[in-house]
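Next up: some structures, all given as structure tokens.
Same chain, two partners: subunit A is paired with subunit B first, then with subunit C.
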Partner chain A sequence: MIYLDNAATSWPKPECVYEAVNRAMREWGGNPGRSGHKMSLAAGKVLEETRLLLARLFNADNPERIIFTLNATEAINLGLKGILQPGDHLVTGSMEHNSVSRPVEALKEMGITVTKVKTSPLTGINPVDVENAIQENTRMVVLNHASNVTGTLNPIAEIGDICRRHGVVFLVDAAQTAGIVPIDVQKMNISLLAFPGHKGLFGPQGVGGLYIAEDLCLNPLKQGGTGSESKSLLQPLFSPDRYESGTPNMPGIAGLGAGVRFILEQGIDRIRHKEHLLMTKLLSGLHNISRIIVFGPDTPEKRAAVVSIQIKGMDSLEAAMILDQAFEIAVRAGLHCAPDAHRTLGTLENGTIRISLSYYNSEEEIDILLQAVAAIAGQS
Partner chain B sequence: MIYLDNAATSWPKPECVYEAVNRAMREWGGNPGRSGHKMSLAAGKVLEETRLLLARLFNADNPERIIFTLNATEAINLGLKGILQPGDHLVTGSMEHNSVSRPVEALKEMGITVTKVKTSPLTGINPVDVENAIQENTRMVVLNHASNVTGTLNPIAEIGDICRRHGVVFLVDAAQTAGIVPIDVQKMNISLLAFPGHKGLFGPQGVGGLYIAEDLCLNPLKQGGTGSESKSLLQPLFSPDRYESGTPNMPGIAGLGAGVRFILEQGIDRIRHKEHLLMTKLLSGLHNISRIIVFGPDTPEKRAAVVSIQIKGMDSLEAAMILDQAFEIAVRAGLHCAPDAHRTLGTLENGTIRISLSYYNSEEEIDILLQAVAAIAGQS
Partner chain C sequence: MRPLDRYSRQTIFQEIGEEGQLKLLQSKVAVIGMGALGTVIANNLCRAGVGYLRLVDRDYVELSNLQRQTLYNEQDAADQMPKAVAAVKHLEKINSEIQIEAVLKDVNSGNVESILDGMDLVVDGTDNLETRLLINDACLKNNIPWVHGAALAGSGLTMNIIPGQTPCLRCLHPELPAPGSHPTCSTAGVLGMITGIIGCLESTEAIKILIGSPRINRKLCVVNIWYNQFTYLDIEQNPRCLACVEHKFEYLNSVKGSYTVSLCGRDSIQVIPAKAGDIDFQTMAEKLKNLGTVKYNPFTLNFSASNSNLEITLFQDGRAIIKNVKDDQTAKSAYAEYIGL
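Presenting the complex of A and B:
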């Protein structure tokens, strides 16, 4: 199987990730932060180390401001619902994933007003438009770093600067960029960074997280046991305990730590460089096949390693099925849980075929994919 | 290391659990329910199978009413916040874990009124007291199946019957019983059953779940991508999608499935029988050591495999530290995230030393523990 569905979840993971999960279950099987015995302390250390590695990757000063969630969706929900109150105004884009659009829709019901700024599939959101959308009661701007449909990168640093100047909280959905595109929460003025553990960061499914800037205290989505301040019926005020109730996914967090360590060792520039090479080959190859429509920016620099296409006159789901069944190539077709993005692209009916790359893909795999796409587009 | 902290998390797991997690990551690495290719379908099948096994274990008719969460705490939060509205009244006990007590405290702030029924550490909550606490606006009763401090079993079936007769939702926290004590959601009239995956069910940490009765539609804690009804900005109404936004913990769910299959193969009666044997030995041994106070019921039939003790005149944390350092025995000391239970017991200051057993413990381990406890109690 040639796996080109890395925007859904990356596969394979580095060997060290599988090993870390296995070792965490077998050897450090205690419950982190719950007891004082050796196995519980060893489990607690896993969490500490992974926080440290993530803080280093995202240039966060304090590792305790990195909190773990089930996935990026939970992190985004926490960021949005932990800050916004009835009467607040929110600015977002028109190319967001349902992990943003759906909780935003639910917030509207609670009296939060929303401006969706039209976002270009080619150049991302225009910072000027974002600034113009900010009102007196704007409390937050929420945007993806890169579209999960077209890969289009948003100008996060510029928008971070605007948010800082206006005193607005900036929540970034890094689902398609964490581990792939450099992110510096301080330089980019990011207040809240939501990230999945299982995509670019190479961790297993079941772990994501949120960076929370020092000056923010969010209402948690859940309350419960934290192993701290146990006498109190009130949720602790301090991070990470405020946001991490109940037993965490210790083996998953061990795997995520191994993934982030791998990225830091390889160097994110090297990873990005490899993906640029593959994307350049992919984009130029696709442009040479007739009947193929490629969405999003032409140059790899302007996108994450996610490319959406359509084959003119052909159902996207059918094309993906042929790739899977006849060519053993895994891609994803449809709306990719991002109807707003497809409304913006004009592809809501047929969706797109999404090809998403990883550091582990090879040029040979891109060649095989291009031949397969050409064969399908030529035949039908 | 003799591991007697199974109420925090069970260890070791059956070998098949480690293998299932490993295989899920390495072989079925796709994102379940997100794409149509083989690896995504294989990952989706993992979720389906685990739902089926859990439905069989808890005698739920429809596997799609079993939903996956990060842990039991999230499941309890979803159960409470998904149902209760300002103006509603809630009945709970005085021996609950912070996974119940803390979200209940947060709900009070939102205009939900609460009656905490005094619960006996020896016999559990009295069904008559629960029935007397039900008011016209009572919407829910929430109770643990067994205390995580004393192991005391609550008369769940009797209370389920009361809830049914009064048209009240019954949420059960099965953190200490799922996989250890038989649970039948239909016979026991349980509307919502919250369970951890990583304790009695032998799954890895990072997965728990909630059974939701057919007639209930909860407000979800989170909205996001579900891989279904992707054109809509509204969260789907149907289970499990309504409650499972974003990428699930597929490897963890694979491990949980293996754990539940192991339990079904062994038979829950056999597991309970083994734990009874160990508990009988433990309880009688403890009663023969001077200076030991044992909390909770005298007979194994009335408790889960959780035993709390104090050594008269000795700090519980210190005793647990000696067990760890000098005897290589892992137990937990302190409040166990259950301050209400310690208020009920009168142990809020010193906490307790908690010894919690698993199917994998042996009589020899109990002997060694008893000798160690006797040595500590004799010396100090």
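Presenting the complex of A and C:
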């Protein structure tokens, strides 16, 4: 199988990730931060190491501002609902995933007003448009770092600067970029960074996280046991305990830690370079096949490792199934949980075929994919 | 009149007698599938005075059913009545002294045990092997005897499965055949006479099992009414049968069995058969050509039904995208009807 669905979840993982998950269950099997025995301490150490590694990757000063969640969706929900109050105004884009669009729609019901800024599939959101959308009561800007449909990168640093100048909280959905594109929460003025563990960071599914800037205190989504201030019936105020009630997903967090360590060892620039190489080959190959429509930017520099295509006159779901069953190639087709993005692209009806790469893909695999796409486009 | 007088022609028959009749009146039977076989079976068991009938089907009556599904009429088709409801309505007029329950459900691994709960016997009126193997698992696990029957074109077969006493259906079919490799009633047709005969054989065996007759059939009965054959074949228990020997109920526990996946956006559902096949599009196109429009290329076969807006895109490994369907069960039924499960 040639796996090109890394934007949904990355596969394979580095060997050290499998090992860490295994060891978390066999050796570090205690409940972290709860008991004083060696096994609990061992689990706690792995948990804090993972925080430290993530802080290093995103250049966050204080590892305790990295909190673990179920996935990026939960992190985005916490970011939005932990800050916004009725009467607040929110700015977002028109290329967002449902992990943003749906909670935003629910917030509207609670009296939060929303401006959706039209976003270009080719160049991302225009910072000037974002600045113009900011009003007196604007509390937050929420945007993806890269579209999960077209891979288009948003100018995060420029928008971060605008948010800083206007005193607006900036929440970034890094689902398609964490571990793939360099992120510096300080330089980019990101106040909240939501990330999945199982995509570019190479962890297992079921773990993600949120970076929370020092000056923010959010309302937690849930309350419960934290292993701290146990006499009190009130939820602790300090991070990470405020946001991490209940026993965490230790095997997931251990695997995530191993994934991040692998990225730091390899170097994110090297990872990005490899994916550029593959993306360049893929884009030029696709342009040479007739009847293929490629969505998003022409150059790899302007996108994450994601590209969406359509084969003219052909159902995207069918094309993806042919790739799967006749060519052993895994891609995703349909709407990719992002109806706003497809409305912007004009592909709401047929959806797109999405090809998403990873550090583990090879040039040979891209060649095989291109041949398969050409064969399908020639037949139908 | 004495209470049993309405069954006098049956009680005078010595093998049944009044004692047997009283047993029937106290019996509970589920008929799974209320098509050609199910209507014949339910009609027989209702008239014979089985005290409680549970009739299970979620389909609706259509005009093309009337050629063989003997309980229904043109009005039922015009009203698009659920089969189970129409059956209860007609049978209540035939015998008001028994209880008849309509269950509008497709049998699946999640609900089969609750559907069979409390039943003394199950009779097969289904149209696909996968559901039968599921019933086989559920009946073996819960120690309920069941009567298997099937019909296609001019032929049919039936056998009794009594847990602990006879071989089971999985002894005959250790594995499912490849998808699309066998004909269905939609693609090969079926005569109303053969479903009548098989349904009657099944209901006779049902009665024998319920009254504890020593005469129950322990063989596989195979009938072809067009080529004049009526055969009883010996069958042996598979000493390594996963179901009746090892009690590993793979269909009930969903390790086996086809499943569905909804596709992101639109009314499309992917059906993944239990076993991957290697479908020959030319043969399949031949089977389907009278039922709608068929086109194929090296990768896919596209079928549009002529009597509805249903569309099927079939892939060589047997997977299919069913379009214009709202739910998983409709998608699976369409697959069972046109491709075969």
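In this text, the second predicted complex is superposed on the first by the 380 of 380 C-alpha atoms of A that agree within 3 Å, B and C clash if a C-alpha of one lies under 4 Å from a C-alpha of the other, contacts with A are read in each partner's own complex, and residues count from 1 in each chain.
Quick note on the criterion: a residue touches a chain if its C-beta (ideal position, glycine included) is under 8 Å from a C-beta of that chain, and two chains touch if they have at least 3 such contacts.
Just so it is clear, the model here is predicted, and its values are computed rather than measured.
In the superposed model, A:322 makes contact with subunit C only, not with subunit B. In the overlay built on the shared chain, the residue A:334 is in contact with subunit B and with subunit C.
Between subunit B and subunit C, the partner in contact with more residues of subunit A is B. Using the contact criterion defined above for the overlaid structures, shared-chain residue A:103 touches subunit B, although it does not reach subunit C. In the superposed model, A:167 lies in contact with neither subunit B nor subunit C.
In the overlay built on the shared chain, the residue A:13 is in contact with subunit B alone; subunit C does not reach it.
In the superposed pair of complexes, A:86 makes contact with neither subunit B nor subunit C.
Once the two complexes are overlaid on chain A, the subunit A residues touched by subunit B in the first and by subunit C in the second are 317, 321, 333-337, 348.
In the complex of the two chains, the subunit A residues touching subunit C come out as 315, 317-318, 321-322, 325-326, 333-337, 348, 351, 376, 379-380.
Residue ranges on subunit B touching subunit A, taken from their complex, read 1, 3, 5, 8-9, 11-13, 17-18, 21-22, 25-26, 29-31, 34-40, 69-74, 76-77, 97-99, 101-103, 105-106, 196, 198, 204-208, 221-227, 230-235, 245-252, 255, 317, 320-321, 323-324, 330-340, 348.
Against subunit A, in their complex, subunit C makes its touches with residues 263-265, 268, 270, 297-300, 313, 315-317, 319, 321.
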